[in-house]
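Got a structure for you, written out below as structure tokens; questions coming shortly.
Every chain is named by a letter (A, B, C and D) in the order it is written, and numbering of its residues begins at 1.
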Amino acid sequence: MINVSIAGGTGYTAGELLRILLRHPEVNIESVISTTSAGTPVAEMHRDLLGETDLLFSDRFINPDVIFLCLGHGLSRAFLQENEIPENCRVIDLGNDFRNEPIFGNREFVFGLCELNREQICRAGNVANPGCFATTIMLALLPLAAKNLLQDEVHVHAITGSTGAGKKPGATTHFSYRDNNISVYKPFTHQHLEEIGHTLLAAGNDQLPQINFVPMRGDFTRGIFASIYTKWDGSLSEADMVRFYKEYYQSSPFVFVSDEPISLKEVVNTNKCLLHIEFHNGYIHITSITDNLVKGASGQAVQNMNLMFGLDETTGLRLKGNAF
Amino acid sequence: MINVSIAGGTGYTAGELLRILLRHPEVNIESVISTTSAGTPVAEMHRDLLGETDLLFSDRFINPDVIFLCLGHGLSRAFLQENEIPENCRVIDLGNDFRNEPIFGNREFVFGLCELNREQICRAGNVANPGCFATTIMLALLPLAAKNLLQDEVHVHAITGSTGAGKKPGATTHFSYRDNNISVYKPFTHQHLEEIGHTLLAAGNDQLPQINFVPMRGDFTRGIFASIYTKWDGSLSEADMVRFYKEYYQSSPFVFVSDEPISLKEVVNTNKCLLHIEFHNGYIHITSITDNLVKGASGQAVQNMNLMFGLDETTGLRLKGNAF
Amino acid sequence: MINVSIAGGTGYTAGELLRILLRHPEVNIESVISTTSAGTPVAEMHRDLLGETDLLFSDRFINPDVIFLCLGHGLSRAFLQENEIPENCRVIDLGNDFRNEPIFGNREFVFGLCELNREQICRAGNVANPGCFATTIMLALLPLAAKNLLQDEVHVHAITGSTGAGKKPGATTHFSYRDNNISVYKPFTHQHLEEIGHTLLAAGNDQLPQINFVPMRGDFTRGIFASIYTKWDGSLSEADMVRFYKEYYQSSPFVFVSDEPISLKEVVNTNKCLLHIEFHNGYIHITSITDNLVKGASGQAVQNMNLMFGLDETTGLRLKGNAF
Amino acid sequence: MINVSIAGGTGYTAGELLRILLRHPEVNIESVISTTSAGTPVAEMHRDLLGETDLLFSDRFINPDVIFLCLGHGLSRAFLQENEIPENCRVIDLGNDFRNEPIFGNREFVFGLCELNREQICRAGNVANPGCFATTIMLALLPLAAKNLLQDEVHVHAITGSTGAGKKPGATTHFSYRDNNISVYKPFTHQHLEEIGHTLLAAGNDQLPQINFVPMRGDFTRGIFASIYTKWDGSLSEADMVRFYKEYYQSSPFVFVSDEPISLKEVVNTNKCLLHIEFHNGYIHITSITDNLVKGASGQAVQNMNLMFGLDETTGLRLKGNAF
């Protein structure tokens, strides 16, 4: 059994991690850390866990094999500074602290996009878990980058559920505002652009394409729907491109290419990413969907853990979808 | 023209009042008071008003004919204490301060349920605007109370939109919590029970029936749907009861009895209340729907103003519904 | 391995059953029957199953150990008439054909409310799976019935998600109608009242209480929220009643009593039922929540199968909740 | 008073037209035509109109000054063929039959984008009302086209509410499918592209830019949110561009440029279009929002009628927004 500790235990990604790990056959959750809620039952905060765990929040870890950092962006570095993590304890960071600057003391962080870095993750001591928008967009572009085919601008609109904005209530997550509403935020400047760029280069593209990325706030809770296109010279036909994508992801158990158009709820509450490809107007158009809390955060983190500890990549992650 | 001032100008009911009054042919809005936002444009806060008004929030009223108090519950009394309202200026309070204790100094507040107190409101210097749940429930029961027919317990479930909880974000108005969710709050103890009781007695019932009221939080923004039943001796047939209700509301321009079952969106964004009546199992079952921000708050407040100033009751209130 | 066949394979409950059974460690799905879609991939209809199964719809079963009937209400009887089911093949009917008339030829159907009839189900050859509203309401009332405490009328409002209305599109499941809308249907006359009544008597109540049941259509997809109250003489205190409920469900792995008020999404996408109990005004008030497709249909059906085949009741049913 | 007839009276756009026209001070609705519902009350179908009209559907017009065609796309031409419209009766077609082929017998249709063709509409006998996506996108691009600045490809993602898909229920308007879901349809091939192209040329652009348009289905009922960008050489600064847009729409009473980012509900239930402009990465990025049923259909049709009959353009169209 893998002894697991979770730091930042009251937030959304920690809750989702708990939902997954409580059903994971190889995991023992030794501690869920919350300095503000220490001593109270975990199920009081994550109320859907009633009847599933008697765990209490604690103010420290004990002797974990791996610690998941579910802290706010920028707080992971501080946590590592303030807490002496045993050298042999692995770290999986769900924040963005180590995605682009992957060094902390002796610890080096592998970028945890399993579909690209599977082998390095298997040997990694530390993993920086990718962002949710980044995951959804990168999985759509990886095969093209691997063939060095991203030679022109990439156009991206992606719409996200409210859980991506975290638990703290605010003006743009107020139900009265958000219900039946749509808006754009951080157009062309979203912070995930940097990790997307690194990844495309690492995948084999010889240059960093300009990515015009317009993130949108959707009036739903879970999921990211990305619509992406870039110029295409037609050197592969649509059918061949679809075949190439399917081959590329052949050994990736959570990424699938759909021959039919896709809709967001086909992946909600699962660790899957679905892709669909069409050619139009001299462009290749790719739609890509994930659940931001699962494949975009906690599910992917468990997938990384599975790889790091030599388990089958899918252990504990064959989740029943929501569908509706 | 009626010179209007609005206190508590940044909240939801003030916004809705502005939406209505900016289109009201007999009204001039002289001031929208917000101590925290004084000097900034009203349309910056109530963003749907862009292009419709250049008003700025101010920190005081000037010389209004009527002032609407859109303050938090309990704050109206404080406002009147701290601000010297000119004697001839009328007051319409949208809070609950004067619904059950209708006296402040020389000012006496008439309970502003137009369908019951139309004549007194026409002569009133001050009006306490009814609560949204109370309005929806009272309009369903008034005809029975008028005939002294409420001789047994009354059973009420009513489900409300999120705008009823006001603008301040919190756990139960967080989109991630509320979307696709249902919950109960304050069962059997909601604060509107008191004004409902007074009103039924005032309407002619000789005793205060026990009202078992379970309020529910709905996953929509506007509207209240109430389902109400009480024992019925059958002395009137269903058809006669429907006829009696229609007659009772004959001269009320915003209350209608539907022969078909009703659904909430039939009144959203209007000042209407729809009722539907069926007899089952020895019970009379009444469903009642309103828009909590319009008939349940700001629309009803304008209806009261119209009556107080001798205008046609419907002036400025024939609003296009949302329907969808 | 249990060989499973599913009749009526294209509908919502069949889809949910597939989602569960494809992850069930002791099940082999031998056939998914659809006369209209025979030959096409199951994942083309239930699109969230892409990548999870290559099954095709077929027009017949082969040699199943159990067949699940996911047909429209009234069609199960016809299916058994038209298809010769091998004698040793068990039948679990998700429709309402055998809930109140439990005999078909040699086959006798046990009412599949595991929390009441666990032992009979373990020995049953055929099970009539309870209705979704019925399940949610019965689980709230069983402990009272077991003590013969239902001596007065029971008042029930329960609000259901759209999936309860099935897959066929219609006026009241049109998104433009249903979004942000609430309505009542079949007040006091819902067809689940009969099985609720039988069950309360079977549980130990000496009389059939009058149940005033108002079903409501909610603007969400999954789940039922029931609010139930009945007069209470106070012979047990609230704390003692809560304790009694917890004891009553001690050995039921999916029913939990919450000390805090509950909200619907705490059970969505799980096989759980949560209850919460408060005393008010001489009434005991119980709120009860389930996912109509899981505990209210396909999850409960699998729970029944587990019992019938000697498996642990929870096998394949420890589902990650949706929470949001 | 203008005598109005409405053909295709049971659909969504006819309902919205009725909502508006019943409050229009200069209109008398002489007939609402529905061959299938003739003789039944209009309020039975458009149920929010209960209490507002006693009109019955009829099977013919009498002597209208103007007839609105609210028929399915392709059916307007057939209606004109089958019905002899008096020569002096004006026609406003809400379908797409005459947007790109504006001739029927002696009748010539002016393209009814008031902000471009105001003068021609004032003199028009017949108007082809623009499509909802087209309206939202054209209003974002008109000022650039007027200066011949659309010299590169235009990138558009626009997400629409379910009412855009009409009243007939189907798979993609089923609540269980659509709630909390997002999907793409007709990418790069939407039928509104043609009228957008014509309009940009008519506005002054010397060439037809390639428009890459990805329409999306949103999980809300009303409104279109468009996000649009095209390369920009920087010859005008962002501030100057915003100023130019404001000047361009100075005399258009329903189009406003917001200095702050916009969200869809700021226009829902109104005839307004809001625009917001930012420069990023060598692109001009424009967001544009309308209510598809109002400015995108029936409101714009009334605006056209107002112009055709010499009324103030805003008569009957200063609608209270929904805001929430």
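Here is the rule we go by: a residue touches a chain if its C-beta (ideal position, glycine included) is under 8 Å from a C-beta of that chain, and two chains touch if they have at least 3 such contacts.
Source: prediction; values computed, not measured.
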item: Chain C and chain A - chains in contact with each; value: B, D
item: Numbering shared by both copies at the chain B-chain A contact, with half separating same from different; value: same
item: Between the pairs A-D and B-D, the one where more C-beta pairs touch; value: A-D
item: Gap in Å, rounded to a whole number, between the CA centres of chain D and chain A; value: 40
item: Whole-Å gap separating chain A and chain B, where each centre is the average of the chain's CA atoms; value: 46
item: Chain centre separation (chain B, chain D; CA means) in Å; value: 34
item: Residues of chain C whose C-beta touches two or more other chains; value: 12, 161-163, 176-177, 179-180, 219-222, 262-263, 265, 268, 324
item: In the complex, chain B residues that touch chain A; value: 12, 161-163, 167, 169-171, 173-180, 219-221
item: Contacting residues of chain A [partner chain C, same complex]; value: 12, 15-16, 19-20, 23, 44, 46-51, 161-163, 179-180, 221-222, 256, 258, 260, 262-263, 265-270, 272, 274, 293, 318-324
item: Contact set on chain B toward chain C in their complex; value: 155, 157, 159, 161, 176-177, 179-185, 187-189, 210, 212, 214, 216, 218-223, 225, 227, 229, 261-265, 268, 278, 280-281, 283, 285, 287, 324
